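Chain lettering (A, B, C, D and E) follows the sequence in which the chains are written, and residue indices restart at 1 in each chain.
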Amino acid sequence: GSGAGASGGGSDAKIAFLMPDIASTRYELFDAPLFTAKMKELCSGCEVLYQNAAADPAKQQQQANSMLAQGVKAIVIDPVDSAAAASIVQAAQGQGVPVIAYDRPIPDKKADYYVSFDNEKIGKLIAQSLVDQLKATKATGGILQVNGSPTDAAAGLIKKGIHSAVDPSGLKLLAEFDTPGWAPPKAQEWVSGQITRFPNQIAGVVAANDGTGGATIAAFKAAGAKLPPVTGNDAELAALQRVISGDQYNTISKPIKIVADAAATIAHEFAKGNKPAGKTTLFDTPSELFTPTVVTRDNIAKVLREPGFAVKISDVCTAEYKAACTQLGLNS
Amino acid sequence: MTTLQLRGIRKNFGAVAALTDVDLTVDAGQVVAVVGDNGAGKSTLVKVLSGVHAPDAGAIVFEGREVSIPGPAAAHKLGIATVFQDLALCENLNVIENLFLGQELGPFRLDDVAMEVRSWELLRQLSAKIPAVRLPVAALSGGQRQTVAIARSLLGDPKIIILDEPTAALGVAQTAEVLNLIDRLRQNGHGVIMISHNMADVRAVADQVVVLRLGRNNGVFDARGTSSEQLVAAITGADVTHRAGPVPTEGARQ
Amino acid sequence: MTATDLTDERLRPTSGARGAATALLDRVRAGELGMVPVMAGLLVICVVLQILNPIFLSSTNLVNLLMECVPVGIIALGIVCVLLVGQIDLSVGSISGLCAAITAILFVKEGWPAWLAVLVSLAAGAAIGLLYGQIFNRIGIPTFVITLAGLLSFLGLQLKTLGAIGSINLPFDSGLVEFAQLRFVPAWLSYVFVLLAAGALFVAGFRHAVKRRAANLSARSLRFLLVRSCVLAAGLGFAAWYLNRTRGIGWMFVLFVALALALHYALTSTKWGKAMYAVGGNVEAARRAGINVRLIYVSAFTICTTLAAFGGILGAARLAAANQASGGGDVNLNAIAAAVIGGTSLFGGRGTAFAAVLGMLVIQAISSGLTLLSLDSSYRFLVTGVVLLLAVGVDSLARRTRASHGRG
Amino acid sequence: MTATDLTDERLRPTSGARGAATALLDRVRAGELGMVPVMAGLLVICVVLQILNPIFLSSTNLVNLLMECVPVGIIALGIVCVLLVGQIDLSVGSISGLCAAITAILFVKEGWPAWLAVLVSLAAGAAIGLLYGQIFNRIGIPTFVITLAGLLSFLGLQLKTLGAIGSINLPFDSGLVEFAQLRFVPAWLSYVFVLLAAGALFVAGFRHAVKRRAANLSARSLRFLLVRSCVLAAGLGFAAWYLNRTRGIGWMFVLFVALALALHYALTSTKWGKAMYAVGGNVEAARRAGINVRLIYVSAFTICTTLAAFGGILGAARLAAANQASGGGDVNLNAIAAAVIGGTSLFGGRGTAFAAVLGMLVIQAISSGLTLLSLDSSYRFLVTGVVLLLAVGVDSLARRTRASHGRG
Amino acid sequence: MTTLQLRGIRKNFGAVAALTDVDLTVDAGQVVAVVGDNGAGKSTLVKVLSGVHAPDAGAIVFEGREVSIPGPAAAHKLGIATVFQDLALCENLNVIENLFLGQELGPFRLDDVAMEVRSWELLRQLSAKIPAVRLPVAALSGGQRQTVAIARSLLGDPKIIILDEPTAALGVAQTAEVLNLIDRLRQNGHGVIMISHNMADVRAVADQVVVLRLGRNNGVFDARGTSSEQLVAAITGADVTHRAGPVPTEGARQ
């Protein structure tokens, strides 16, 4: 016992920041560095202990336990599995360490705080944006749905959100697929098969993240077929480039900096021994929710110019995309 | 009493006919030597008898009943113990473990002291020069391994013992012990089938000599009434006149 | 009179201080030290990790570490069995996930008593092993392929079993979860265990020595037996004391050790165990010795899949949840790696139950040690790989000597 | 005069209609049919999948299927090499991902010419194999552990290489991507290839027969050679015609076949190839025959890792992107499974280059066939497992016969 | 001319001292037989000479220069060819492949017709009874395998040929061929080391007989001037007086 839970001013506290996987790039590239930066800004003596569970809930539990052994003052966690994370909350709270659920909720065990944009909403937003576009262009045919990993709880939420937009839209859902491990080549192979199966009937594809979205686009290109609008999610660099070049219809930008900053602020409060109040309540937990922005060619210039947006315009507008950027008025 | 009789055994390996219509009879208390050139089919015959290979045709009669020997375990059950030419030892196990493989003392709580004592007894009986019985067989010399294989066949109480070139790797003293042993086995009423390329050994211990040539019977000889030269002639097929009329021996039909 | 087993003139003397020293040197050079090099490897990485982060060897962290070993460690015990007979099982992850799901459904959704849910899940695990054995014995498909098919099929069944629910929480106050999270051996009892272990080792050694001497075989001296038991008592006693400074030794870890001891006994002291090694070393020789080779394969698979089920259930209990990801991730790879790191051969015929325990400790130590360092994922992966090589390198160098001494 | 190799009296006649029939029956029963049973397995699942979904055997789908085989298929070629020498490589996925990342960085970010970026990546792949070989030869760590460490380390390096970017698009109009997606053999050229293949087979067979007859050895009859070439021409010609009904045969697939043929030649017709089989069959015998066993191991690893790099690059080209997930998922498992399904032994000494091609076709056929059915994930996994068993079962039953004929 | 000389060779395997201070000399055109009981260390000596095991102590002098033989390839390079007691064949390869292993004709484009022709020649020369050379060695009988191993050692042009119990599994005719062969090798000026348990064979072809007992030299005898009984006595250590004073032969020092 290294005095976990003992009161300290929070000026030299250790804070655990536990992320779920490396399959999507944001955690490693944005969430962790942004959170750490904000924490340094709030409290220069504090130390952020970052861990990534590589999609393994047992590993995440192990990481949380060793954080507790190190005497962290607060745990910020994006659970690999929301149900399994209940154990972590149980163990931490048992030792007087507050838990802040980040990105994904922990419905079964009351965390001390929840900061997020919700995944179900993300699914709904990307799908709705596509459905609107198809209706606007009076596209004929149906929709393909490329979901995330069948073993990933967050993917399940996104899938649910997508259905909530696609099912009532009146557009036919031709087929859907849970991509094992979110692996783009698997998505590509599946979409190739559907192009054969439904020649000239695919009006649009809802892909649950940018990796599978990119794979979908590659499948159409490789088949020499006409590319319908394809969605994405995460606003990763490569996807922004595809949106600019017109290959990908949309992606979604989560205000990661805002969320990371909020989480850091709240964690710091907890570390100081305070109990910050929630802006709202979700799953019986004081919560703060942020709304992500759907990015299409129409608003990408604006989004990219927003202060605090994680990706730099100069990185997006490389030689390859210069022309398209210029067209959108994105000259860096 | 005829313990074992093989009739018309045939075995093909792909395009090679290893055994064609082979007959063999062994009585209790009789030592039958099987001789033949390399590749004549002796070991194949042994393997058919010990359940390693299923014959393509032919019948096996054991103690008057026609039997099928679907596997080595079945052969053991009938009372047929075999020393294979390739020894069939487990190199990763030590001498004791190999000796008692499949017939350990105390199945749920091995009695390793009793097994070690018995091992030393058996090995001493065969004049084995093995420095330690807890060495893995991989660490033994060729002759030492062969001694282990022979010792193993003595462990149960088999009715028929088959020895496929048992003395090939043995030293002078060990060879003499094995020949003695065969004699003792005969006296105790066991049937013995011995395969050897050494005509002197064959004539010293066998009652009857069965010659195989290119997978076929090539005569049955009385060991005492036949010279080494006659046997060699039958083996190589050099002496056609002799091959035509092998001497039926008293041991052959009783 | 010289003991029967020490009469050969070529044996170099091992008695007396001088002889003992030569013998030890011989054994070191011949690489016959069993688990010692792996332990040395473990020690090396412990030192390195402790230097990197002083919390690593703290009592709290070690208590966690031991508990975290258990689920995959138990699966690794089963893997040792299939590797021993020269086969492999790629599906232990899926099986563990499926059986975790079955337990959770029966226990939580259907309201069955925990013991019954666990029993049925274990039976399901055993049934899979029986099935594998039949397919292997009858059709002869390589086990790599059979268990790859199993990996896929049972993942499918797991998803199907969990159905729309996806993820099921096991109640924290259920005995199952408490056992895996909160039940620790009382300090006094842990010392009793230590004394019992040391005492049992001594009594067994002593009775064996008496029996050997009676049969005129060489035997260990009383002094050696006493010293050995005292060393064990001191070592275990210290470990227990250190762990007892915080929460102590989890019952789940005790269960793991008990299973390992049971498997060790079965492998070394029963007819079945000898048959396992024989089949792995030379299956044709085993068959010719009259061993029922098919039965041995079936037993190996069944033990493996049953233990996989058990590991999965305990994993779910520790996590207090069963979900679609249970048994995924690197469960397969870690379970096989634990066995191999502990010195089990992928080619069959070489390995021990303790290999799984030690190998799992190595893997868990690395994982836990790196968890304590705040590293980027990229560095973490990199360092894990390098430390793994380091740990196993010590053992391999020792074995290498053996190979150059002509002992495959 | 009887040919020298047919003089033995025990050989049963194989000439004449009767003899030929007996010989064929012998070969069927002895399981000596090489790739035929695997092909039969492939046929069985094709029929099943076609019944389930009539699009499966459509020209478009087969065109896709062949292209999709290539990246992992090329990796499987390398796996055959390490399996042949009795080793394993678990890290081909990571290596393919790392080298895809290197190519993308150099080509897209640094603006190097594609060929140079590819070359440097291949060199990186080769360097990894050299490193593995050194560690294995000098320290003797089991390759399972070495390559497990490699799996982790190179995944770390891949993440590091992609760094802040995470995912890189390869331009659709670059030669690399076009090669992997859009370049197909013109119809006329495909028929030329078919004729060349059949012609080459005939000429080689004929010259060999002449040479054997001159040396008084038995040789294949002119009729047999002619029929064989015609059958090949007809088979390939039909396949080409069918594929040419839509887009035809991808150049990338041609590259795959060319690599497989090259490896086949190297394994069967060079001194190096014989040494590979010898090392895998009995490494001590190979060493005693004066073979540089260490060099053989190094060559096997280097070929494997270089081909893994190549497969990774082509995979990225086909996806038009390199990212953190490149080489992840089941690349490792599928590459090894392809080799094993094609009949390569995990114990070394048995396998062919074509095993990788056929095994990959089996895997891809199952995957593609199920892709065309709208199944739940759970059923998809389940059915994949079952169909895999079915496909390999045919082959195993044939081999089983061989084993019962006493041919390990 | 002394081709090969071993001085004070020592080799321990763990607690077992397999060789202790062993000396041996072989001249060109000389056949030296090494005899000894099972486990005497004969094969270990062979393995030291052929680079399989590194000795723990002692010197090897080859053609006047002290050499070290770090591996089998080095032994081949020196011109030492060996037929091992365990044959060391690759069971998964066929007869031709085993014969030419490591010395294939046409490294980048194997000439399989030439290799097959040469294989049949070699095998015929040894009276081998092998039905087909494209069979994997796993499908051969014990004697057939041994013939393959012997044939292989004749392929290069070695200066010293070591035969470890080369006739153990051979038939009568094949044994005679091998003894003939050894004679021819001697006449062509090769040095031959032959290990055998058959005293008749030893006395028939050897010039000099070196006896090992429990890993130590136990006398060097002139093959022609020594009876089988004397040799056996030296091997088993039965006749202590004789062991004390072995007859130094003319062949031993030249």
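Here, contacts are C-beta pairs under 8 Å (C-beta built on N, C-alpha and C of every residue); 3 or more make two chains touch, one makes a residue touch a chain.
Since we're looking at a predicted model, the values are computed, not measured.
Colleague: List every chain that touches both subunit A and subunit C.
Modeller: Chains touching both subunit A and subunit C: D.
Colleague: Top contact pair of chains, counted by C-beta pairs?
Modeller: C-D
Colleague: Taking mean CA positions as centres, which chain lies farthest from subunit D?
Modeller: Relative to subunit D, the chain whose C-alpha centre sits farthest away is B.
Colleague: Nearest whole angstrom, what separates the Cα centre of subunit A from the Cα centre of subunit E?
Modeller: Taking the mean C-alpha position of each chain, the two centres sit 73 Å apart.
Colleague: Report the inter-chain centroid distance for subunit C and subunit E in whole angstrom, where each centroid is the mean of the CA atoms.
Modeller: Comparing mean C-alpha positions, subunit E is 46 Å from subunit C.
Colleague: When the centre of a chain is set as the mean of its C-alpha atoms, what distance in Å lies between subunit B and subunit C?
Modeller: 43
Colleague: Can you list the subunit E residues in contact with two or more other chains?
Modeller: If we look for residues of subunit E contacting two or more partner chains, we find 13-16, 39, 52, 129-132, 139, 214.
Colleague: What residues in subunit A touch two or more of the other chains?
Modeller: Where subunit A meets two or more other chains at a single residue, that happens at 22, 28, 150.
Colleague: Mark out which residues of subunit C touch at least two other chains, giving numbers and ranges.
Modeller: Where subunit C meets two or more other chains at a single residue, that happens at 10-11, 155, 159, 284, 376-378, 380, 406-408.
Colleague: State which pairs of chains touch, listing all of them.
Modeller: A-C, A-D, B-C, B-D, B-E, C-D, C-E, D-E
Colleague: Would you tell me which residues of subunit B are touching subunit C in their complex?
Modeller: Of all residues in subunit B, those touching subunit C are 50, 52, 71-73, 75-76, 82, 84, 88-93, 97, 100-104, 106-110, 113-114, 116-117, 120, 129-134, 136, 138-139, 152.
Colleague: Taking the complex as given, what residues does subunit C use to touch subunit D?
Modeller: For this pair, the touching residues of subunit C are 86, 88, 90, 135, 139-142, 144-146, 148-160, 284, 333, 336-337, 340-341, 345-347, 376-386, 388-389, 392-393, 396-397, 399-400, 403, 408.
Colleague: Okay, in this complex, where on subunit E does subunit B touch?
Modeller: For this pair, the touching residues of subunit E are 13-16, 36-40, 42-44, 85-86, 128-132, 135, 139-144, 147, 165, 168-175, 197, 199, 214, 232, 235-236.
Colleague: Which subunit C residues qualify as touching subunit B in the complex?
Modeller: Contacts found on subunit C: 4-5, 8, 10-11, 208, 211-212, 215, 217, 269-272, 274-275, 277-278, 280-282, 284-292, 349-350, 406-408.
Colleague: Using the touch definition up top, name the residues of subunit E that touch subunit C in the complex.
Modeller: It is residues 12-18, 39, 47, 52-54, 214-215 of subunit E that touch subunit C.
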